[in-house]
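Below: the structure, in structure tokens.
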Amino acid sequence: MKDYARLDKNNAAVLLVDHQTGLLSLVRDIQPDTFKNNVLALADLAKYFNLPTILTTSFEDGPNGPLVPELKETFPDAPYIARPGQINAWDNEDFVNAVKATGKKQLIIAGVVTEVCVAFPTLSALAEEFEVFVVTDASGTFNEMTRDAALDRMSNAGAQLMTWFGVACELHRDWRNDIEGLGTLFSNHIPDYRNLMNSYATLMSK
Amino acid sequence: MKDYARLDKNNAAVLLVDHQTGLLSLVRDIQPDTFKNNVLALADLAKYFNLPTILTTSFEDGPNGPLVPELKETFPDAPYIARPGQINAWDNEDFVNAVKATGKKQLIIAGVVTEVCVAFPTLSALAEEFEVFVVTDASGTFNEMTRDAALDRMSNAGAQLMTWFGVACELHRDWRNDIEGLGTLFSNHIPDYRNLMNSYATLMSK
Amino acid sequence: MKDYARLDKNNAAVLLVDHQTGLLSLVRDIQPDTFKNNVLALADLAKYFNLPTILTTSFEDGPNGPLVPELKETFPDAPYIARPGQINAWDNEDFVNAVKATGKKQLIIAGVVTEVCVAFPTLSALAEEFEVFVVTDASGTFNEMTRDAALDRMSNAGAQLMTWFGVACELHRDWRNDIEGLGTLFSNHIPDYRNLMNSYATLMSK
Amino acid sequence: MKDYARLDKNNAAVLLVDHQTGLLSLVRDIQPDTFKNNVLALADLAKYFNLPTILTTSFEDGPNGPLVPELKETFPDAPYIARPGQINAWDNEDFVNAVKATGKKQLIIAGVVTEVCVAFPTLSALAEEFEVFVVTDASGTFNEMTRDAALDRMSNAGAQLMTWFGVACELHRDWRNDIEGLGTLFSNHIPDYRNLMNSYATLMSK
Amino acid sequence: MKDYARLDKNNAAVLLVDHQTGLLSLVRDIQPDTFKNNVLALADLAKYFNLPTILTTSFEDGPNGPLVPELKETFPDAPYIARPGQINAWDNEDFVNAVKATGKKQLIIAGVVTEVCVAFPTLSALAEEFEVFVVTDASGTFNEMTRDAALDRMSNAGAQLMTWFGVACELHRDWRNDIEGLGTLFSNHIPDYRNLMNSYATLMSK
Amino acid sequence: MKDYARLDKNNAAVLLVDHQTGLLSLVRDIQPDTFKNNVLALADLAKYFNLPTILTTSFEDGPNGPLVPELKETFPDAPYIARPGQINAWDNEDFVNAVKATGKKQLIIAGVVTEVCVAFPTLSALAEEFEVFVVTDASGTFNEMTRDAALDRMSNAGAQLMTWFGVACELHRDWRNDIEGLGTLFSNHIPDYRNLMNSYATLMSK
Amino acid sequence: MKDYARLDKNNAAVLLVDHQTGLLSLVRDIQPDTFKNNVLALADLAKYFNLPTILTTSFEDGPNGPLVPELKETFPDAPYIARPGQINAWDNEDFVNAVKATGKKQLIIAGVVTEVCVAFPTLSALAEEFEVFVVTDASGTFNEMTRDAALDRMSNAGAQLMTWFGVACELHRDWRNDIEGLGTLFSNHIPDYRNLMNSYATLMSK
Amino acid sequence: MKDYARLDKNNAAVLLVDHQTGLLSLVRDIQPDTFKNNVLALADLAKYFNLPTILTTSFEDGPNGPLVPELKETFPDAPYIARPGQINAWDNEDFVNAVKATGKKQLIIAGVVTEVCVAFPTLSALAEEFEVFVVTDASGTFNEMTRDAALDRMSNAGAQLMTWFGVACELHRDWRNDIEGLGTLFSNHIPDYRNLMNSYATLMSK
């Protein structure tokens, strides 16, 4: 009997790679309202679970544009590596040092674009025996054909494909740890869940 | 030469029909993140242009659920007609009186579900010679087949089909009326536009 | 001011054309679970509102197969015209007589396949100044291209395109006429609505 | 030569996880008519093959809502674990005990939402060397991107992906074991098959 | 009371415009197996109903390629106008003369590409008060956006949009005119119908 | 008998509205490679047929960005109206004067976004009795729902919906006017046609 | 260095499982024109390469219907196993004996429905160390979700997923073995290829 | 710890297989504008990184047509193997010799059609222990079902699935190696990126 590779909030860090205002205009495999919501949901859950989080950008002074301001605001004190040129964040020593400084072996990663900014550090981290959890719905790229190839490559190399809601649930383990906190996270990022909660609260208040 | 039937902020009112937390679970012709955003964008533009706005609900004490709280908060003083049973809001005298009390002849309407809560009052209002502008992307229903039939019926009866962005632009007429106000509205509800503005602002600040 | 052409339960009849077990295998513009549900929902609403209903089939002894048994069971006493060969039901004198015998001027029609069994009698009835309401989601055909052409033809000829839920709502007018009856109809044919009702009932029972 | 991991009706149990009236409003990767049909088909086949079946829910007193009533009615005597907070049902000792009490090593699982309520216990059960068969069409979640990631994760961990019809066929092995029983199951849940049977029966009766 | 504009086999001619082997590689709004089948079905029905049929091509010596051989074989004696340069076939005097020589006022038209080879002569013929029936599924073009615009333009100018199956049914009027002939036409071009007929014939032969 | 409203190269002008580098990131109802090609094809045909062409932009110093450089290069001497704030180009006196100065009554229009930058001047021009031809595939907007509403509104107001290829063909009338010129235009913008021409040329050269 | 598992016309047999006229009405993951063409293409290539072919059916006297006649006609002398009840053809001794009698170790398989009639014998044959090549486009089932699960299960068990065109090409190896034969096969089943050949032949004949 | 199989510009060659003008008309799993762009982007990056590139064609004198001229022009001195009949390029000794003569062990491959011209040499090269990187978006075939089967087969055999943009980024490693060169490559083949660069350049120039 062996356990499954299960996310553990005491052993996980979050890597947000190149969610920059210019690069986001390249993302077309997911609708913009949904993508924005997913990225912010991932950021909010990282903060909620108090996971060490690392921000990095590529050429933010050029057309790629600055980091999405909401991410900077959510993590004002996080390591922030503005890479001078390395395309694979893992080729940047500061980035790798920041990752290793967290002491965590589970990496939750998302970024733009999927097949480059997510796939390259994922493959590098797997090669160094990290467990890597790719948040597919907080990562975006040009089209579905590109995404499918990227996910196949990462999955075959040992990455686990997840989406933000599953990450939150696997980290939380038990609603009793904090019903209200998790409920608020879901209400803020899942309109259908917010509706359920509002219907329920209204009835309960009568 | 005749002018086109053009939205005029001095002659328009907004009708928000049955955006209730239970009914929203029926909406499947548009993704929930997008739909939520569109409805709130329409509310924000109504407030921005100071348009008289009327809220109505159907059976809000039952499974249909309460009005989406954000709408109530945006329009705390708006006429609010909780209909005791009429399916077509136009069959409710209070609702029609509230509409007529605005003194406006252009009605901007959205609701859930499209073929009932939007289509029925639209057809009734057209029959009374109002100009009706249906905001298709802030209205939702079961599936695309249902939506297409509803839009065909309303369009054939003389309604104009629009989406919230076009409504805002047609009302505003000229950016010079208020660049910052309209820009903020767009930035809050169009992630791609927000990115453009953030890229621009960052470059300008250098 | 003119009223809109609004369904009136005292002036409407329902025509169900060629919903036969063989012909149903031709329907591919709508999924089979959904289509079956829509056809039965239309039948149930016809019965609920006590609308005169007419059944007709084409060559039911051949490959087209018999009428779907549930329809026969729902309307055991309805006029049932097994046409000996006419493709357009309106070319069959018995059918037209049955329609006219109802004394109704509003015809709610659905059938298989849309561009033939629905469109032909619709166009014929419109030419004789009936008001025709096509229930698009209880009508099916080979593919979407075919459906779109058929709906365009009927809409241009004056038919109103609706779906079963809108028909039920327009006929009912006011929930207070019978909350439980309409609620049951919806619960039986709209899983999302059934869920809302079950959630509500459970909470209310506590 | 080795046999394939083949479902055996003497060695299989069914786990139905969190099919609750509130949570169902989150399911958008499959249409509601189809999903309801698939879930009930899985329930009916579990009963038909007399497989031990375990029901579990999460927070059924809150917004998640009660178990879908049809499931409770189909399995009035089944173990029913209303989990007090564990998100992964396998973290609930009563649930695991109920599973192990069946003495079966093949677990057929479905639930809402796929990447959490299905994937977590699937991964846990695989880690304890159960054979797990995921019924993908009786499991639902937010969207296709989420589903695809969840299925990839479970498949890579050794789960077998199936749909309810394949499960029924693999359990039955030979039509001669009971033609009428299996035929009825299919007729009740596959409109196209019901049509074939009705066409056939009509011709045979002549 | 007025009759509807109904296809009459004694008053209809068929125009097949530019179904050439090169141009067919441009068609991407419909799958090639389906498109080939639809074009040949239209040809077969034209022959079956003995409708005067006119073939025309554009630049068949260049990259556009020759007429699809099956069409030439089906109508060896039909007027065949290889246009020397006119893009709109109606600008070619021989073509218009051939049309007028049929003495028919109902024109059934299909071709490649829809917005040019079909739309231009359709609009010209409507302007000369022909009744025009566009066979949308035997006409093809670059993509759906192009097709939708073309169909909107023709429909607004008075053309009736149909598909080949509806054309055949409207021309035939009554199965009793020739059951076997029409059945064979359908069996040759509708796999689902062929299956129904084969199932039926097998059972009948027992 | 009346002629159809047919594009005439001696009576047509082209209006290119707000194809700006920032605004283009909003376009998601058409893929970017295809959209870029369509816009440049429209520009090339305007130049090829020597049609008076008018360029206009909205706020090009802000986030909307500059005019796509290729358009400026193709029409170095065209009237270029950088609007100071009017959203509807027709509200800008210089723009309307430029249009009227062409002396043409047929306006071929495309722009970004469809429901605003195209629809508003289209509706204004129709009200002044211009004939308006909307090039739908060289116009783009947020999503298909928005596009469909915009096209419905313009079509109902009398605009003719076309795509660039149909515009080119309707203007050219007869290949013999210039085979090589039109062939080159098509080869440059239709890969499938280019392939046909290359296959043909290769065979002819042997 | 190892060779890849490559189809060898001297070592391959074809299994066609349950392509019956009734069952075909269940196939909805692929359009009927295309599916019919693919199945017949696979049959034609089996005959062309002279591969031993085995036909089998399930309950052909009941609603499942008879074998598609074209298959029977193409292989009048092939082993034909009408199974009395076994759902997995590999559970039928006659079928397995027929397979083993061919002496081939490569099995090319297709059937209806994919997750049962194809997947079950595929998994059984793999367990007995045959190489199995699943022809996915000549196999059909209820919907894409079902197909995807079935293909995942077979692929994970070692089956190779192919489509009929790839099978033909891998068997043929070199066009010089018979240009005309292979060309005819392609021309009969690939309209685009037929068009290429017709364009070419026409030019060559000049 | 092991490194991942990462593209290295000093150890990679590019194989372009059968991008011929006739065969391209078969490609329907990707739109033609996009496909043309992707193929040319791959060619441009091969040239930019100075990778040894090998061209090959199949029967270019027949209906398959000549190599796309742009590829010949980009690589005037590349080995060019016009295969006399072998379908799998790896069965052609000249081709394999050309590959081996490059001395590279990483092969970047694309072609038409995916499941044959790409898959066969990919499987052969993997069997000889090359690392193979399939550029899925510069490879095309009949439809998505065919593509999916082909990619599954190659991925299972050890090929890495990529798209052209990822290939370029993985080869380049660091923007500082040549900002302008890579930027130009992206600007020429990614309209969204070109727009970002143009917006940026315009602002910078002020």
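Letters A, B, C, D, E, F, G and H mark the chains as written, and numbering starts fresh at 1 in each.
Criterion: a residue touches a chain if its C-beta (ideal position, glycine included) is under 8 Å from a C-beta of that chain, and two chains touch if they have at least 3 such contacts.
Note that the structure is a prediction, hence the values are computed from the model and not measured.
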>> Considering only chains that satisfy the touch condition with subunit G, which of them also satisfy it with subunit H?
In response: E, F
>> Quick check: more C-beta contact pairs at E-G or at D-G?
In response: D-G
>> Can you check whether subunit B and subunit C touch via the same residue numbers (shared by over half) or via different ones?
In response: different
> Using mean CA coordinates as chain centres, what's the subunit B-subunit F distance in Å?
Replying inline: 31
> So what's the Cα centroid distance for subunit A and subunit F, whole Å?
Replying inline: 41
> Which positions in subunit B touch two or more other chains at once?
Replying inline: 22, 25, 31-32, 65, 143, 190, 192, 195-196, 199-200
> In the complex formed with subunit A, which residues of subunit B make contact?
Replying inline: 21-22, 24-25, 31-37, 61, 65-66, 68-69, 190-192, 194-196, 198-199, 202, 206
> Which residues, counting only subunit C, touch subunit A once they are in their complex?
Replying inline: 199-200, 203-204
>> Show me the residue ranges of subunit D that touch subunit A in the complex, using the header's touch definition.
In response: 22, 25-26, 58-59, 62-65, 84-88, 91, 113, 115-116, 119-120, 123-124, 126-129, 142-143, 145-146, 148-150, 152-153, 156-157
>> Taking the touch rule as given, give the residues of subunit G at its contact with subunit H in the complex, in rising order.
In response: 1-4, 6, 30, 136-137, 151, 155, 160-163, 165-166, 169-170, 172-177, 190, 192-193, 195-197, 199-200
> Can you list the residues on subunit B that touch subunit D in the complex?
Replying inline: 25, 28, 31-32, 143
